[in-house]
């Protein structure tokens, strides 16, 4: 049983690196290409950058809020976290694959499913983290977290995988609509009444 | 409502990564090229490295000073921060594009506008951050920050976008003069009487 | 003699960056390749990503536990740490080499030995760290760590190099079995009764 | 006037990223090359990795020790730090250029001078940092640092640029001897009686 300080620092580090690496996915136009046309041609890379930055940003905020409720850690919890971070750190890859295909006509839907699937996996991991921390009578929760908040938390995280799955499946209608869905989810989430995904403010 | 500790750590991480990634934009000469000539040929990349390092450095210092005034956070504020960091993390890309074009004669001005535009967007975001934090009767300010300092802060951040915009527009005269302007702004800013951009010392 | 705070922060940084850089080793398929087939073709890169992420993750957890026992630092200890981190930061390279060779039929075993050799070197460094910190009558240990825990610690770290060496040598049977061994070690290690490698919970 | 906490965190971040990026400079052999021969062929890259990792590591330790004496910061000091970090973040580039030339017979000496010149610039910056912090009657020093320690500090940092310059100039004898000099300096520096470069233990 240890405090969560270093787990948070380490997670912040992975979040910060993953979110900053996103920019490496946008290709620098060759020096002899007309610049504006080259940048416009790359619209999927810019769009993917914005949506993924917001998505990882929200996940970081969510993680931050989680630790207003969780106050302790142990080896098993740390390893669950490593698996969680494995999916976070994978998002720059999913983003690059998706950006490369968007508007190309070659397996766009599959690329969007890879992208969305990564977000679903992350949302599932939030549930695993929560269930482990709140399980066993709240084994890793801070003291003074009452039953009400716990249940709100569990409910909130349960919506995550379903929400991300539905947004992902919009790829079958149109990959761009799915991508817009991820952006919309970010904006919705930031509204003052931020809904089920933020138990710490419930 | 939470403390700002993790928001600062996360922001510091993104700043540190973005500033360190700048070096990846300087190409390593091929092993059979005469070294000195190859390095001299790359002067725009070195110049861009220095100016962008100073620029991101100043933005980090400014962010640091901001949090001597801001003491609390919430979901909306965290998301505003994510958007702010999205532009910070974009600077290495703008820098690479600008360095590639500088002195090449192909769309130099456009590249400089992309670069300067990124700095203007960041300066605008400082205003959004400040207006949200100081709004609603100082909703996120530390206690004991008086009206005087608040007004000085607001005024200071208002100058930012105008200053960066003017420096950016110098690109129409000559992209190198614009770049020199960004460097000069950094030096000016560091003078003991550092002027309007640093409300915390006002 | 100083506190260990910054040594832990610096180490956390290197761990977080090394673990997040792993994803750069997975190639993004060309835009005109059929996506699913291209991703399936890259199975060694995905497998290597998962195993290395878990392996670095466990090493981070182990490092974290170590510092529940170690409370002070000095110049020599910091330099030992730099050497330790040199091997940690090398793992993304070993991983890339291994992933490139796995299933290729060209020097697969040698690549697995490079990978496993890196983990053995890291396990050896844990012993050096421990022996230096616990030596000289526990020169860098926190006060109140009794003889029992010290001996358990020493014993635990002694198993590390042997364990990683045996898993590495499985490469001579089959590189994939060796890789599975690293994954299995991670899972085993996370079980609540986590065995000799975690002295802090002994 | 602010505390140095965030300046240290930011610096630690840049140090950690720069040191971990070093590994990206070692090329992954093509999948069809015989592995052992390809790795042996790359000996300059491995050697450069080890020497630069130790060198940046020592610089980090030195920075850490500096802040056992310095307890406050201001805008000018933060900007001096940005310039200092600009050279730290440049070391992975100097390392790549040097590794590419070592043993190639094309401008090896010039590459070693670029590398050594970067370390000299860093050593000079340590003096600037120290002179600014200790100047003005110890304007940024922690209270209770007596005259003795201050003078030892000043003396210690003065040796730095000379030492690195001499090691750099060994490149004119032989670049490998110069590189060995950087490695030897690291080992010497870590000896318990660590000499002039570590005023905090004087």
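Note that the chains take the letters A, B, C and D in the order they are written out, and that residue 1 is the start of every chain.
Assume contacts are C-beta pairs under 8 Å (C-beta built on N, C-alpha and C of every residue); 3 or more make two chains touch, one makes a residue touch a chain.
Source: prediction; values computed, not measured.
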Maximum centroid distance from chain B, chain identifier (CA atoms): C
Numbering shared by both copies at the chain D-chain C contact, with half separating same from different: different
Gap in Å, rounded to a whole number, between the CA centres of chain B and chain A: 26
Centroid distance [mean C-alpha coordinates] between chain D and chain A, Å: 37
Two or more partner chains touched - positions in chain D: 9, 13, 17, 21
Chain B - residues contacting chain D, complex: 8-9, 12-13, 15-17, 19-24, 26, 28-29, 31-36, 39, 49-50, 53-54, 57-58, 60-61, 64-65, 67-68, 186, 189-192, 194, 198, 200-201
Chain C-facing residues of chain A, complex: 2, 6-7, 9-10, 13-14, 17-18, 21, 74-76, 78-79, 82-83, 85-86, 89-90, 92-93, 96-97, 100-101, 104, 106-107, 110-111, 114
